[in-house]
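So the structure is just underneath, and the comments pick up after that.
Each chain carries a letter (A, B, C and D) given by its place in the written order, and its residues are counted from 1.
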C-alpha cells in the first residue's frame, strides 16, 4: 500500500485554515499545558482520498486502526474544500462500516425467489460463459447493405460514474473489444 | 387493677410511623447529597446514581406507607387526621404559651390541657400532610416529567420540593428533640415503641385526652 | 466546467441557473461566498426557492423548462442596450461571420426542416466563404447576414413582456437579473454560470446550455477568471467516466465511435478530422489521427499494424443511436439478452422507471457490481413482480468501496486526483480492477480455447494486468501514453526513448510509434503520477493551484484562456485576475497553461473549433444554430413564441408503456431533483443511518395555493400521478413554491426528489416512475425536469 | 489564556447539515428514527444522540420568502446555569471558555437540562430508575484542547462556522453585521456578546432572534433563585431551628434547676 501520509503537524497547521482562516488557540499555550486536555476520541486520519459523492472532488483523510476505518473527515490541505465536507461527505464513514454492505457474491437463478451465496470463481466463469454465448448468438457482422459492422446489440452495459478512471478505461477497452455498442452511463441521464 | 399505662398508638400506627421515618431519613440523606455542596462526593458518578436510585425507592415507601396505613386502619388514620384538623381556643392559647410549656413543663401557669395531640403536634402533622402532598406532586414531576413538562414547571418543582424539605426538616428536628432529648417530653417516645404512655404523662401532657380515655373506660 | 471550483471566487456575478449548488454541490458555496465577500452578486434562478436561493442576492423564479426564454430575454436586453463586450465579440466569436443567405427562421423552425424525418437539412446553416474557403467577415457586425445580426433579429422577439409571460418570472425580478448579469459585459468584469441537470434534462437541454454559452460569449466571459460555463457534475467521477467515454457515441478522449459509414480507418479519420485553411486557426482536432492510432495501439499493441489499419476493424461500428432511452426501448422489445451494470441503478435513475424495470424482465442474464443490493439487482422481486415469471439469471458482485482501492477520479473542474487505498475490501468484496480483469481474462480464455465468432479483437487485446489486483498505476501509464519506439525530433535526436511515457499528447503520433489509451489524460509522465501532486500553495493569485493534482488538458485550469487577454497586446482584460499574460521580455506566456503558446495576435483563441472562434452561430447542433424556446413535451400551456409547440427534432417513442400526459388530466407541472442529504438513486445514502435520519422520506413540495386548492395540509400523505405512474409522498406545503402567472393563466408546479426506491434501509416510491421516456434532441438526456402530473390527498 | 468561541454566521449557512452529521461522526452518535413531518428539518429536536442540528425556519416577509437556518447546540454561557445547578461538577467551565462535560461524574439528575435557558443538555434516562447520563455539545472538548477545530466548524462548507479567539470572533461578528446592515439587512445583529455574561457560541443573525426561535433575553430563570436563595434559606432555617432548640434546652434546664431549688427551699 502506497499511501500519502499526512503529518500531524501539517494537519494541525491546516485545520486552522479550515475554519475560515481562523484562529486556533495558540499551540504554544496549549503545549505549555495550561489547560486541561481531553484525549482525542479517535485517530483523525493518515490516508488521503477524494470524497465519493459529488464532483466537487473534496479531499478527505481516512483514519484507520487495525484494518478498520475509524474516521473520515475533510482534508485540511485540500485547496477546494479546505477540510470541509457536506452532510454526505461527513457521513462517509457509514459507507465503510455498514451492515448493509455486500460481502458475498449473490446469485439468483432464473425464476428463483431468493438469492443464494456463491463463490467468485463459479460466478466469474459463468458470467464469462454468458457473455460469450450471448455475444456469439447476437453477432452482427454485416448490415443488409453489406457494410461490415462487427458488433453485438445483444449485451448492454451501463455504469462507471462511481468508478475510477482506470477502472472505466479497462471496462471501455474490454467492452469495445467484445463488440458492445450499448454502452451508457450516468452522464447520459 | 388499674394499669400504669394508657394506650396511645396502635401497632399499625407505629408501623406506619417507623416506615415513614425510615423512608424520610433515606430521602433526606440522598436528597441532601444533591442539595449540599459539602456532600458532593456522594453525588458523583456511580455513587450519585445509587443515591438517586435509593431516593426513588424510598420515595415509593414514603408515598405508599400512609396509603397502606389508610387501607389497614382507616379508623385510626382518619381519627388522627380529624384530630389534626380540629382546632379550638385552647390550641391557640397553647401555641401562645408553647415556650412556657417547653421550658417550664405542661403544668406551667396558664398552659391549657391538650387533647391527644397538642397544638404543636397538630401543627407538625399539618405541615407534614401539606409537605407530603407537595413532595409527592413535585417529586413525581421531577421523576417522570423530564422533557414532558415545561421547564418552568420542573424548575418550580425543584424549588417547592426544597422549600418543603426545609420546613419539614425544621419540624423534624424539633420532633426529634422532643422525643429524645427534651426531659419533659422524651418519655413520650415509649408510645412509638410500645404503644403506651404512663397515666401520669397522659394526664400531664394530654389532659383532655386522658379524661376522654378515662370516660370511655378504655383505660386498661 | 471550463473553469474550476475555486475560480468561482473570482466572479463578479454568479448566476446559478438549472442548478441548486448549495444543496447538490455544497462545497461550491465556499467559493461563492468568497466571491460575495469580495462584493460579488449571487443570482439564483429556480422554479423553487431552494437552499441556494436562500443565500442569493437576487432570486428569480421561472417555470420549469423556460430557460431559453429567460436567457433569450437577457441576450435581447444585452443587445438592445449594447452591453456586450464589443471587442471580444468582434474578435473572438463568429458574430462577424457572414451566414449563408439561404439561412432563415420562421415560426419556430429554422430553414431546412423535414417534418417526416423530424430533422433538419443543415446545408444552409453555414458560413459564406471566400475562394480559399475562409469565412467572410464584417467586423463592424452591421451586415444583414452577420451571425450577430441574425442573433439580434432572433432574440428581438424575446422582449421583457413576452419572456415574463412565458417564464412566469415577475418583470421586476427579470430586470434585476438582467441588469446585474449584463454588467459583466464590461471588459474586466466577469460573470459565471453554474448549471447542472436543471439545464440539461429537457428535450432542448443542449440548447439551454447553448443559450448560456452564447450569453457568456457576448459578455466576454469565456476564458476569463471568474467566468466560463460551468456544468456542476453530479458524481465524484462522472467527469472521468465521461472522459473515458463509457458512452455509446464516443471512445476515450472524445473520439468518435466508428459508424457504419466509416468502413475504413481512412474514412473514419476523414469524417472526424476537421479542416481549415485559416493559417491562424490552430484547429486542434487536426491531430485526430494521432490520438486514434495511439488508442488503437494501446488496445491491440502488436496486432495493430499499418497493414491492418491499426486493428481499426476490431472496433464495432455503430448503426443507430444506442443511448440510454434507446437501450431500454430495445431491452423492452426483447432485443437485449445480457446486461452489465456497474455501480449504477437504472431501476431508480432511469426515466419511466416502471418501463425500464419491466424491460429488465426480458433479460437472460444480469450482472450487477455494487456495494449494495440495489433496486436494479433485485428488480425481479420488486413490489408487484412475480419472481416465478422472471427468468433472468442475476449475479450480484460485491465491490470494494472507495477507500478500499487505488485509482484516480476527475472532478467537475477536470482535476484528476489520486485516491489511496486505506484498508482491504470488506468481506469477499473485490476491487473493480480485479473484477474486470477476471471477467476479461476468462472471456479471453474462452475464445482462445473454444474459438467463437470474430475472436481476434478479444484474444489480441492487450490485457497484461496480472492475476491479482491490477496495478492502477500501470493502467494510468497505459492511458497517458508512451513511446513504442524511440521518438525522434526533426533533427533526428531522441525526443522520447522507447518504453517511456510521453510528456503529453503533443508527442503522440499517427504512425503507430506511440500508444495512449486516452490522449486527453496525460497524467502519468516520466515525472510520475501527477494526479498525486499535493502542493497546496497557489502561486497564481487566482486560485489555480497548478501543482495540486493534474488537470486535463495539459494541466490547463481555465480553458479557452487565450480569450482572457486582449488579442493584440496579450494583456488580460481583467488586470486583477489575470489567467495568462504575455511577457514580451521573456517572449512567453505567464500564468495558466495557455491555449496555444504562440505570441499574441497569432492564433484564434477557440482552438478546438476549425474556425478558431466561439460560435454565436452554432450550426453543430441538430436543432438549430440559435436556442429557441419550445415547450416541454408535456406542458400545460401553448408556446407563446411560435406555432411550434415542442422541439421539432427529438425522438418520440411509441411502445405501449410510453404514455404522454395531457394538461386536462394532469394540469400540474412537475420536476424532479436531489437534496443535499441523498445521492442519485440513493444506494449510497439511503443505507447510511445519519443521512436517512436527516432526510427520511420521499416528499413532494408544493405551494400553499395548490395545497389549498387540493385540500392538502402540510405533512399529509399525497399521491403524485403522471401518465406513466404514481408515487406516494409526504406533502411539504411551502411558501418557497409559488404558482406561476403564465400568459394570464395560473400554472402550478410541484417538485419531487428522485432518490427513493424499494431497496435499502430507507425505502419509498421512485419519482422516475413519473418521468417520460423522451430525451434531448442532441444528447438524448431524458426530460426529467418538466412533465405533467396531478396531486391528490391520500384518503 | 484567552477564551475561544464558535461564531455561526447565519447569513452564510446553507442548511446543508454537514455540521449535524460531522458531529455525529466524530462523537459516535447514533442516528435516530425520523419521519418527514412536512419539513426538511430532522431530527426534530436535539437529543442524547443529536448534539447539534439545523433548525429550518421559513419566514414570509414583504420582500418574499426567507429560509433561515439556525445551528443549535450548547451556547457555552459564561453565566452557565448548568454549571451552577450541577451537583457533581460533571459540567464545568473550561479555561478555554466552554462548558466541559465529564460523563463519568454525571449522576443523571438532569437539573442542567431543566434549568438551561436554551434547553440544550438532554437526559435520556430510564423512566423508572432515573438512571442516565446527560449529553450536550462540548465544543468537541477533545479536539479543541488538542489544537483542532470542533468537527462542526471544520466541516462547514460555507465558512458559516468560525472558531477561534472569542475577542476576534466578536470583532468578526460585528464587522459582518455592519456589512449586512449596509447591505439592507436592517435586523442583523450579533447574538451572544453579552447574553448570560457572553456566550461561547455567538451568532450573526439576519433577522430578529425570535425568528430563529432564540430567546431575546435569556435569563438563568429560577436557577439563581434556587442556588442563591432557596439553598441558603434552607441552611438558615435548619440552623435557626437548632439554635432555638439549644436555647430551649438551656431554658428548661434553668427552669428545672430553679424548680428543684424552690422545692428544696420549700
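In this section, a residue touches a chain if its C-beta (ideal position, glycine included) is under 8 Å from a C-beta of that chain, and two chains touch if they have at least 3 such contacts.
What you see is a predicted model; the values in this text were computed from it and never measured.
Q: Closest chain to the overall C-alpha centroid, by per-chain C-alpha centroid: which is it?
A: If we average C-alpha coordinates per chain, A lands closest to the whole-structure average.
Q: Looking at C-D and A-C, which pair shares more C-beta contacts?
A: Answer by contact count: A-C.
Q: Distance from the CA centroid of chain C to that of chain D, rounded to the nearest Å?
A: 49
Q: Measuring from the mean C-alpha position of chain A to the mean C-alpha position of chain C, what distance in angstrom results?
A: Inter-chain centre distance comes to 21 Å.
Q: State, to the nearest whole Å, the distance from the C-alpha centre of chain A to the C-alpha centre of chain B.
A: Spacing between the chain centres: roughly 73 Å.
Q: Roughly how far is chain B from chain C, centre to centre by C-alpha average, rounded to an integer in Å?
A: Distance between chain centres, rounded to whole Å: 84 Å.
Q: Which parts of chain C, given as residue numbers and ranges, touch two or more other chains?
A: 26-27, 30, 676-677, 689-691, 694
Q: Name the residues of chain A that each touch 2 or more other chains.
A: 72, 81, 84-87, 89-91 - these are the residues of chain A that touch more than one other chain.
Q: Touching two or more other chains, which residues of chain D qualify?
A: Within chain D, the residues that touch at least two other chains are 16-18, 20-21, 25, 157, 159.
Q: What is the complete set of touching chain pairs?
A: Pairs flagged as touching, ordered by label: A-C, A-D, B-D, C-D.
Q: Give every residue of chain A touching chain D within the complex, in rising order.
A: Residue positions touching the partner: 12, 15-16, 18-20, 22-27, 29-30, 34-42, 44, 71-74, 76, 81, 83-87, 89-91, 93.
Q: Considering the complex alone, what residue numbers of chain D touch chain B?
A: So the residues of chain D touching chain B come out as 87-90, 104-111, 113-116, 119, 122-123, 125, 127-131, 221-223, 225-226, 230-231, 233-234, 237-238, 240-242, 244-245, 248-249, 251-252, 254-256, 259.
Q: Residue numbers of chain D touching chain C in their complex, please.
A: 11-12, 14-18, 20-21, 24-25, 30-40, 42-43, 58, 60, 64-69, 157-159
Q: Contact residues on chain A for chain C in the complex?
A: Checking each residue of chain A against chain C gives 1-4, 14, 47-59, 62, 64, 67-69, 72, 77-82, 84-91, 94-96, 98, 100-115, 120, 123-132, 134-141, 143, 147-189.
Q: Going by the contact rule set out above, which residues of chain B touch chain D in the complex?
A: 33-37, 40, 43-45, 47-49, 51-53, 56, 99, 102-105, 143-144, 146-147, 151-152, 154-156, 158-159, 162-163, 165-167, 169-170, 173-174, 177, 181-184
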